[in-house]
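A, B, C and D label the chains in the order they appear, each numbered from 1.
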Amino acid sequence: MNLEAIKSEVEANVPGCRLEMVANPSPSDQHSLRSDAEHAVAVAIVLRDAANLRFDFCSNVTGIDWPSREVSEKVKVKKLVDGVEQEADEIRKTVVPGCLEVVYHLFSVEKKHGPLVLRMRTQDRDAGVHLPSLTPVWRSAELQEREVFDLFGVVFDGHPDLRRLLMWPGFVDHPMRRDYVDPDDYEYEPTAHDEVLRRAQQHRGDAGGKQLSEAEGG
Amino acid sequence: MSTAIVPTAHFDLEPMSEPGKEQLLELAMGPQHPSTHGVFRMNVVLYGEQVVRLKPVFGYLHRNHEKIAESETYLGSMPYTDRLDYMCSITNNWAYALAVEKLAGIEVPERAEYLRVITGELTRLQNHACLIGFLMQDMGSSGTPLMYAFREREKILDLFESLTGARMMCNYMRFGGCRADLPAGWLDQARKVVADFPRFLDEYEQLLVSNEILMDRTQEVGVLSRELAVSAGISGPMARASGVDYDIRKVDHYSIYDRFTFRVPLGSHGDVYDRFMVRLLEMRESVSILEQAMRDIPAGPIVDPRMKVRGFRPKPGEAYGRIESPKGELGFYLVSDGSPNPYRYRVRPPSLINLTVLEDLCVGRNVGDIVAILGSIDIVLGEVDR
Amino acid sequence: MVGEGILKGMAETARNFFGSYVSKDRLTTVQYPEQRDAQIEAARSFPFLVYDGADWHDGMRCVACQICEKECPPKCIFIEKSKDKKPDANGKPQFYPATFNIDISVCMSCQICVEVCPFDAIMMDVDTDLSTDDRFGGLLLDKQRLSKSNEYFNAIHPTEAAAVDARLAVERARQEAKAKAAAEAKAAADAKLTAATPAQPASGEPR
Amino acid sequence: MTHLALLAQQLDQIFVLAKHWLLGFVPAGAQPLFSAVLSVVPVILAFPLLFAITTWIERKGLGRMQNRYGPNRVGPFGLLQPLADGVKSLTKEDIVPLTADHAVHFLAPILLVSAAFMDYAVLPIGRNMVIANLNAGVLFFFAVGSLMELAVFMAGWSSRSKYSLLGAMRAIAQMISYEVPLVLASIVVIMQAGSLSTVAIVNMQAAYTGIWPHWFVFTPWGFAGFVLFMVAATAESNRSPFDLPEGESEIIAGYYTEYSGFKFALFFMGEYIGMFATGGMAITLFLGGWSAPFAFLTWIPSYFWFFAKLLTLIAVFIWVRGTLPRLRMDQLMNLAWEFMLPMTLLNLLTAGAWHFMSAGLLRWFVCSTMVVVPYILLSRGLKQRKKFQIRTYHFSE
């Protein structure tokens, strides 16, 4: 099924929705549609119910963290050097704002086609992490959206039971974010070397650390 | 137009102890419990023995496999996939290899595809046989069917050991092929195991299929409707027991499954008995696939010669690859940013997603039914919690 | 009739009960410490370091390139490169690992170190009787405990070892040929050089 | 020949003679007391020993059924395994939950074991070998046997654990429900024997026509009664497939979840002792007690036959356990009230018909029909209402 056709079909059915095609440069040839958050539920319902689409099977729901990053690109700039216009390279740095992205992989059990990759992006990674939940459309998103909430911190509005799934209820951070730092609160298994040993030594203070390194380093 | 079935809101065990609800018994089944198949917990509210509410609690085995994989090379995650569903490491390897091959556009030589099918279907045989054993164990049959299953599984694990070097943590697939070629005499040994397997299945059927207690315990118990199964993303034998005709081997035409003739058994009731029977029948189909694959296996290279072991860097992009693992649809979603490590590595765990409907299946049933239903879903906590 | 399936099942268990006394196929248990299954050639437990010749230190193939350390998924290998060089089995001076530790309480027997090693220096062992009461010290193997001879490797994995030996022999022959050619070329060049400038002082002498 | 017969008789009565010989050393006034002690002590020693052997047989038998060896490390053929288990349970820490009712928690296993042992007072183990020949022996047996329910409930309630409570709930419901068919199934024998005394019942069966004994099991009503009694006895002694009260995979260990160490071992022993007692009662009522199965085997001592029959029944228990999955609570109740109860009641009628009809083939035919037809009808009814069936499956190509 052609992605263009799907896009135009959905746009015809959901007035005002902003769909964007996201190209995938890899050989997998799985291109995706990015929907805006407001119309996502309506888009999802169309995808599920439209007679020739029937994406009734939401297989995979996951998040991707895109922290804000600096992109430096070389731009040719025309400059006036000594009154003569010259082309010169200039490195221009732009900050691409970070966001959290949620990806849905849709298949159709009835028509046996797929995957259709549906994506949504949050506004930023701090306060604007709200996205509409698609659990009312596909029940299979229930646990997986909980997992994305747990590990990435995307808040799904309209999810019936949004709690942490894998981490315990008192946990505060979101471990799958790229900038997540391990808390220094658990017992390190003593190992012979590497990062873990260093942190174990830090964690236990010098005395314990020394003993450890003597016991295992030699 | 189908409508999604929305789950009930969550409950805490404590606030249930309010006046007017003294009749209810709140019970935490697990994390240490003989039939939760690992460290899994179900918070159950009982009226007498009847289940009023049930909420699963996950995460006791969580090790953030996905985060670990982000700091490993692509190859470095391969042995970790063994530990997802530790009953069937080979299909896990396969799904991951398939996803990476999609991501990087790698071709797999023909012989390697046959090796994958043979080992993958052997994995399915041993997983289904053991699952039925576990299910019977959960229903209190003193482990007899389980021991028969283990007896047969042992032979399959011996095959795995002589091929891959390990019985359970096989780490067998590589991007663009398999790691090791068949040792001398392996095929003959495998043919013998596969030829003996139907005899074991006959024995199993004799022991179980017509047993009145088993039928009484499983028929019309934990009925999963077709609509809910599709909506909740249920896959694998559990979905097929509910009549969903969806076998990824047939739908995606991945690997070389198109070359084999096999049938997909479908249930019509969607209860525990159907799930049990669908697995039993699927084993017979797997035996037939194995016979065909071992008859047709060609000679040739087992890995794409252009693949290097070190320094594998796929181009930026993303791919979702999935296979029909014994538990259901096992998918890997990979995002590459051109570095040697995946930018994002996601496992689509069939065990976890099949648990979505646990409460729907259990409410109104007895405590004894919970374990039978849970057993029939076929979960492995290594995969549920990752 | 109710009870038929139950009786069928009971007949099946009875058949297995008596079958376990007559059929080896039904009673597959191996009485472990006394009986053991035949060693499967492809089996693997934990890595070891291969050395050629008689002395483990002199014959060690490892050149401390640290690829395995980098590629090891659970990061259980710890290598420190030596400051000096020692001649390897071919007589070529090479670095060697000053420290080579494998923490087998962390190792998950995945065999990736073996696959990535360009020198065939690390191989998988088959020994599984490794229990110890010293959890940390006893399971951290140093290079002396890790070193095992090429003969041992040939004994446990004959097929693989033969392939490795053949490959190494080819490599060695090639290197020897190359060295020979280089020596000849050098000799020829030297001869030319001496012929051209006969009255040069010995090289390296300060002026 | 007479010599041999005398020898056989002496061998048969060797324990009785030994007791009388020992009593000879005791002053006459103390003789009743000593007589009682001398009768009780061997029973208290023999049956725990049988319990030890049974656990070994069970583990070996289950092992072989499951294609395993079973215990074979401790002693020759693993024979010392029960001893090792006993030592282990004796040396284990005894953990009592903090909020448990300590006194009741402590008393429950003791009550269970003593109730189980009291059953043996009326069981004739051999010819002239019964502790108390009560003329209401069968009644005594069932009365004392129901004390075990009390012990189980005490254990479940006092533990203050939800699993224990569920187990106790199940146990009470199950044991009380199955007490009814158990007693009703044995009433046919009492009707026929006209006595409640176990000794009289056995004596009545210890006669022979040709070589065939007059066991009640060889009549239509006796056979039906025996099967029903055994099913109810399995449920009474919480054996698989009726092991719901301890339903290991559902409610951990049921009412004795919170017991450990020796108290746990006592529960374990109490269950087995109780199982032997109900098994012994089945033998007494239907299988001719201590009498030999053929007339020409009467020279073998009577107590041997008792234990041989008991071990056979135990083997059947083990066999069933190795094969069947567990029932569910509602199915268990349905079986008791919708199948067992009508069958036992109809069996009473059958026994009555047998009593009033004259001996002959007609009596056999009528009574067999009276057993078989209701069985078929009832089981068909059960099956249709449950709608369970062997299904056929369709395939997608």
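The rule we apply is simple: contacts are C-beta pairs under 8 Å (C-beta built on N, C-alpha and C of every residue); 3 or more make two chains touch, one makes a residue touch a chain.
For clarity, every value in this text was computed on a predicted model and none was experimentally measured.
Counting C-beta pairs in contact across A-B and across C-D gives the higher total for A-B. The most centrally placed chain, judged by C-alpha centroids, is B.
A separation of 63 Å divides the Cα centre of chain C from that of chain D.
With centres set at the average Cα position, the gap from chain A to chain B is 26 Å.
The geometric centre of chain B is 43 Å away from that of chain D, both derived from CA atoms. Chain contacts: chain D has residues 65-68, 322-324 touching two or more partner chains. Touching of two or more other chains is recorded for residues 144, 148, 151, 207, 209-215, 245 of chain B. For chain C, residues touching at least two other chains, in rising order: 2-3, 6, 9, 12-13, 16, 26, 28. Looking at the complex, you find that chain B touches chain D at residues 25-27, 33-35, 46, 48-49, 136-144, 147-148, 151, 207, 209-217, 219-220, 245, 247, 250, 263-269, 273-274, 277-278, 281, 366-371. Chain B meets chain A in the complex at residues 1-2, 4-10, 58-59, 62, 64, 66-67, 102-105, 228, 230-235, 244-246, 251, 314-322, 329, 331, 333, 335-336, 343-344, 346, 348, 352-353, 355-357, 385-386. Residues of chain C that touch chain B in their complex: 2-6, 8-9, 11-13, 16, 26, 28, 40-44, 67, 71-73, 108-112, 115-116, 124, 159. Chain D contributes residues 61, 64-69, 72, 319-320, 322-324, 376, 379-380, 382-383 to its touches with chain C in the complex.
For chain C in complex with chain D, the residues that touch the partner chain are 1-3, 6, 9-10, 12-14, 16-17, 19-21, 26-29, 31.
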